[in-house]
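Take a look at these structures.
What follows is a pair of complexes built around chain A, which joins chain B in one and chain C in the other.
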Partner chain A sequence: MRCFLWGILLTSLLATVSCTKKGGSTGEKVLQLGTPAKVKGFDPIEASDLYSGNEVARVYEGLLQFHYLKRPYELVPNLAAEMPKVSNEGLTYTFKLKKGVLFHDNQCFPGTKGREMVAKDVEYSLKRLADPKLQSKGWWLLDGKIKGLNEWREKYSDAEKVNYEEEIPGMQVLDTYVIQFTLVKPFPQFLYAFAMPFTYVVPREAVEFYGDSFLNNPVGTGPFMTGQYTQANTIIYKKFHKYRDEYYPSEGAEGDEAAGLLKSAGKKIPFVDKIKVTIMPESQPMWLNFLKGNIDAMAIPKDNFNQAMVGGVLNEDFKKKGITEVKKVGLDVTFIAFNHENKLFKNNLKLRAAMSLAFDREFMNKNFYNGISIPAQSIIPPNIAGYIDGYVGPFQNFDLEKAKKLLAEAGYPEGKKLPEITYHFKYDTTGRQNAEAIKQMMGNIGINLKLIGVTWPELVKVVNTKQAMMYGMAWGADYPDAENFLQLLYSPNAAPGSNGSNYNDPEFDKKYEEAVVLPDGPERTKKYEELYKYAAEKVPLIYGFHRVNYVLEHGWFRNYKFIEFDHGVAKYWDIDLEAKDKLKPNL
Partner chain B sequence: MQILQYTLRRLLYLLPVIFGVSFVIFILFNVVLGDPTPILLGKNATLKQIEELRHQLGLDRSWLMQYLDVVKSAFTFDFGISWSTKQKISDIIISRAYPSLTLTLPAFVISTTFSILISLFVAYYRGRGIDTFVRVLCIALMSISSLVYILFFQWFFAFHLEWFEISGYEPGFPDFLAYTTLPGIIWIVLSIGPDVRFFRTVMLDEIYQDYVRTARAKGLREVTILLKHVLRNALVPIITYVVIQIPFLILGALLLESFFGIPGLGGVILEAINSSDFPVIKAFAILTSIVYIVFNLITDVLYAVVDPRIKLH
Partner chain C sequence: MKKESLWGEALKKIVKDKISLFSLIVVLVYTIIAILVSLGVIVGDWHQTVGPNYAPPSSDFIFGTDFLGRDVFKKVIYGVQVAMSVGFISSMISIPIGVVLGATAGYFGGVVDEIIVWFYTTFSSIPTIMLLISISFILEKGITSVYIALGLTTWVHLCRLVRGEVIKHKNRDYVQAVTAIGGGHARKLFRHIIPNVFHVVIINASLQFQVAIKSEVILSYLGLGVQEQPSWGKMINDAKQELTSGYWWQLAFATLAMFLIVLAFNILGDALRDALDPKLKGKES
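The block that comes next holds the complex of A and B.
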């Protein structure tokens, strides 16, 4: 009997273990994606991190979206029927919504049939974002912008219940499909808010039906739907069959046609039947799964870069397997911040410049960014207005002799008389190596850095409480506007705001205030460029890199184009089942 | 009756321990780590927003009131909801403990059983070549970092040979076996070195005792002596060693779960630390302490069960 039981156990074990799949399509188009971080949930107002935002955007939608193919980035309507009408003085934005947009069928609706999305839903969703009881991380998008909204929030911050019925002067539902916003002052970047997951439209019925667990019970209008989110490591989405008629773009940027990105032009989206997203915090399993064809596309992990790219070109072996690469230039900037409230750095341009000149970007690029990232000359990244291609900052290129000279002029020859300078960094393997390299570089001009490795929460704490003397950080774009980067140096945003270096320069502030209220156009670009140069000359930060990587995709993955704001773009992606059947068995 | 009285008395000792643990946790989170609200509100938080959230989370109340909250949750096991996922913490623990246990429990049982058997075997052949070989092998197994095993086994057995899934998880028996077998094997390989070394030492301590010589003098077979006498007498240190590991099985194996995509409790703790989700971290700290104490108590009671000479006072 015992032998029999052991036999059953071993057989079942072998049966389950040996069933690792080798491919072979079932006729169903399944998009297989990996994500490196846990998804916190599906409430748009909680979608503050990139990964949660990506998942939220498969189910929910906003009034606007970024054109998938055109560059520079361009806003186009999504739930809105057309781009909003903006009044001449730039204060009033009138949105007309598409008709016939349905929410997913869900038990929160009478008869479980999803109803039509209307302007009241937009109003409700934005009020949720402003609700003081919900404390959304996305409140900054609307903070101080819509007439009467801050007052509404203030009024209910100590009340037991927030009254959503109360009208807000700057948010008027004009009819079933029209909503109008009135701003306190002109703010052209306001439109970007409607392409961000924070403002995506939710039905009130779902919020009230699910209460606290609304976060885990998504009900949107998006092209895909999913059931209750159990915080498991796999999320399965199914195509929403009542999704309105939307089509793949017929126009793109230069080179898109040659890259085959317009082959699906004018076809109805979404293309795939299912999306399977697997959460894989470690890079090795994600990489191995990609190589086996269990993931359709992924960015090359740092440790596997040399395996995939040889001399800047994709490995021949990969090419034979039908894998191709897509360059990914991120809208971001890494930097080493000085705390300008520390008297050592405040008004001490020569010291800051000396440290910036001692920072060897070439060495850092080679050792930490596979030699492909773009050394930053100032705070604005490439591909947005304000960035000056080819500009070289006065203190941004490695020059040890000049650095020593400036340090001496600052009153610290060979670093003598300098107090101990502490450098806080997020402690992990790369963080430590990075910090050690910076310490070594500063040591070359006689500056002794004391390294303090801390966890991410601790780093945020020391920055927010202005205790960090110097620290390492990066900033990724929330939207493609230089304002989003320049605000890091705007003094009213000092810690705990986004200006964690507490840079306070009235001249910069004045130029910034003049620029950000201007509508997009040559005049604003000129002002942004002036600020770009100013931020390079004054060295408020030691600028690091605009990070570049490659995304690898399998030969069956169609229509992939890198887009920084990739929320909701899975609707454009397709799987060529024939190609998959041919290529996957050879992996 | 004596065991019952002892158990009740030890359970009463739990009370001051819970107060102490709550106090340490409170100091750690409220004084040492400081304000979690900037992390919770993200990179664009304003001072006003931070103040509002502090108020909502009750972080602006007196420290005494906040401490009493921690104590209350330790006694009621009502740890509230997670700040980041808005799920009930008790639900998180229940749902995520299962995947952890499907990995750790079978691996733990197999590794412990194998280790005891191997240690009995090498104790039997003590001083001979096989004993030396096993000892050297144990040291070699222990000398290699767990990360190396994980990376190599995943690459070789799952990717190269395709014997197992690279990563993932399916609940329900036997579906989870396809995903937990390889990490389970790694667990066993990682555990067997230290376990065999410990158990072998315990066995050898016993094997030179007078009662073993007496048993041999009576003509008992060496296998009978080992299984019936040596193993039984070695049970006290073995129980101490084994039972005290059980609470950590529930907590999962952080690295294995992370590399093999198993949605267990190890990952929950890591995520909570990274997102400053204090209620979750507090709940785990309190639960770990309590479970640890309870299993200590079980160990003590088991002593009396396996060795009648031990009296519980």
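The block that comes next holds the complex of A and C.
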């Protein structure tokens, strides 16, 4: 108790000192971050939202991670010593773990010394994810994939106690550092599960020692550790001094060298001594804190875009203060869908192509995406294998004359004889303006759209019940694999599945089925690229945009690169104290 | 002595007062615009792009242009038609309901009165905006459902007033005289009582008109109103996001257009009451 009080006194003293010094550094590198949502605690299997996942990933780690710099996104080992060996026709995955990985020192271990992480811990952590009593929201990751795991879950769903000792056929600990998974059927996307917080490794001692309060007492292997987590509005992390030898990547994507992202190449991580995460649910306070230098980096809130960027260039005033911008290319695609079960659009490539050609992406980009988004040529977004940089689809770029010609060839010169076409969209100001613009563009070739603005649940309902004729929507990646986008056009996924346009093309289905069972590699990429082109040529949808925003960072923030799957990347970030002393007083 | 009719006298009074006269002119101008737009004589081409998007007000585009480069002036003018038609048609729906129910309740009294009073009291306890939203949800979205929704929700006030007036009148001498010479209920009510309480309806209609206009703007702002045509509510909704970028003109001109007509109807309503209500007669001048 006494110790605890001293702790409080000390921290408050420190706070006062840093306040009075005003901008001066204490020689300690502190990363200042903001997060817009309350964190649900530090249990990996509870990390179902992005923000909880971010916090969990500072303390815990998974077997794999995404390469911080390389694009397209690439999985690399984290707790695993190397990428797993895949054998038995894609059914068996053998992971070898790194040696000498230590858990944080904690009173749950004998002598409060953190022990070494071993294969048993991986097995235990995955069993926790499958535990029927714990009801994790991340179960879908493993559901129906690992041999015997579903049966184990089923067996104990009504039992009083779940038996963790029972062996699962598809999850074998071969020796201290080797674990082998056997799948029910090939599933190349299986590996992505090991880069997601749900599967991060926890020590059994901590779970049993803390019981219900394990949520607030994280004990991981990660580069940072927390003190007692109090669920207040600030979370403080300290560097884990016994963190194993890990190094900043020495290879990056094109342009990383010029952007200074390889200056820390080969240096031991993590770089900062402390991370201070402040929870700020509203974007305005966070923005003001960023402007005052109390937050090191943040994405530009929508309403402040024009304040920060003038004509696509960072405001001069911001530049003078040392603020720079980093482009954030999201893994998503917006689109206008045709319902292919409607006989007007089914097998009517010319009509669909005419409408796609009449859609002026440049105008839309300028007016709805601040002129910075990427006009989509097909369904796969940039930075995923399968996307072809520089590819221009035959019907994707605005061409009014060609559109009119194709419409006439389709049998509807100047839109005559066309039935009324309805367009459903989610009603809000931007949604309506968007729809009005689309109506205008289609009007240019003589097609009259009837706009129907509805709420989000209504829109989902009309799409799922195949009632919508045309509608506007977007899709964001669950993991960086083109499969996640191509499945939007796969006919067995028709509504109420994710193929809401009910596109049914046996040739596409065949190509898709061939591609998705292949392991990651050049052969699969080639197949994906073929599908990418095919999905552009057949115009199953009118593709809109891959959306882009900017993250602003202060002049003292180092090594920041946008990464869609950003769990655990704070270990690469650095603070330049000298630059901070110079820049912060002038904010 | 030459005696002017009630209406002639009222008109004279309104014309004498400058502010009332101005209001009357505003209402007439709006009405003429609305009729011209309905006939397709003017601004039928409102949806066409006429210049760059977000051009500020200038000699080329006096009210500026919107996000698609459409002329804001034309949209405001088209909005006049939407607003006036909503006011007119919804009044045409609500007035008969209010008058018939009010007059019946007041004239017959007893159980009939109790049922009608119970009905409108219950009805009016439902928040109007909620009722409007739910009616617009049930009917297919569009201007027709706005007419119906507003028509069905705005009759309560008028119903109450008419009921009160009819109760006052039904035992007057002239009504008893009609009874004495053998006039039936219908004759008494429609031939004699209602014309004598009709000033209440006129005054109320002018006030209801502006309530309907405001409600249409609110509904369209929320996306439940007109879908295909421009409306002041949609323009104000656009402005919600445009203002951060400094595009003020859609908000300004839509609000101005609405402000003028609502103000005019309010003043006109007051002037009509002063001119027509026999209770206020002789108080002035």
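To be clear about the criterion, the second predicted complex is superposed on the first by the 360 of 587 C-alpha atoms of A that agree within 3 Å, B and C clash if a C-alpha of one lies under 4 Å from a C-alpha of the other, contacts with A are read in each partner's own complex, and residues count from 1 in each chain.
By our rule, a contact is a pair of C-beta atoms (placed from the backbone, for glycine too) under 8 Å apart; a residue touches a chain by one contact, two chains touch by 3 or more.
Source: prediction; values computed, not measured.
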Is A:Gly497 in contact with chain B, with chain C, with both, or with neither (first, second, both, neither)? first
Does the superposition put A:Thr176 against chain B (first), chain C (second), both, or neither? neither
See if chain A has more residues touched by chain B or by chain C, and give me that chain. B
Should A:Asn586 be classified as contacting the first partner (chain B), the second (chain C), both, or neither? neither
Please indicate which partner A:Pro132 is in contact with in the superposed arrangement: first for chain B, second for chain C, both, or neither. first
For A:Asp143, using the defined touch cut-off, is the partner it touches chain B, chain C, both, or neither? Pick first, second, both or neither. first
Can A:Thr429 be said to touch chain B (first), chain C (second), both, or neither? second
Once chain A of both complexes is superposed, is A:Leu288 in touch with chain B (first), chain C (second), both, or neither? first
Would you sort A:Ser87 into first (chain B), second (chain C), both or neither based on which partner it touches? neither
Listed in rising order, the residues of chain A that touch chain B in the complex are 12-13, 15-20, 22, 38, 40-41, 43, 46, 48, 132-133, 135, 137, 139-140, 143, 157, 212-213, 215-216, 230-234, 278-282, 284-285, 288-289, 291-292, 294, 455-458, 460-461, 464-465, 475, 478, 496-498
Using the touch rule from the top, collect the residues of chain B that touch chain A in their complex. 33-36, 38-47, 49-50, 52-53, 56, 81, 84-87, 92, 95-96, 151, 154-155, 158-159, 162-169, 174-175, 177-178, 181, 258-263, 267, 271, 273-276
In their shared complex, chain C is touched by residues of chain A numbered 303, 306, 367, 427-430, 432-433, 436-437, 440, 443, 450-453
Could you pull out which chain C residues touch chain A in their complex? 47, 49, 53, 67-68, 141, 223, 227-228, 234, 237-238, 240-241, 244-245
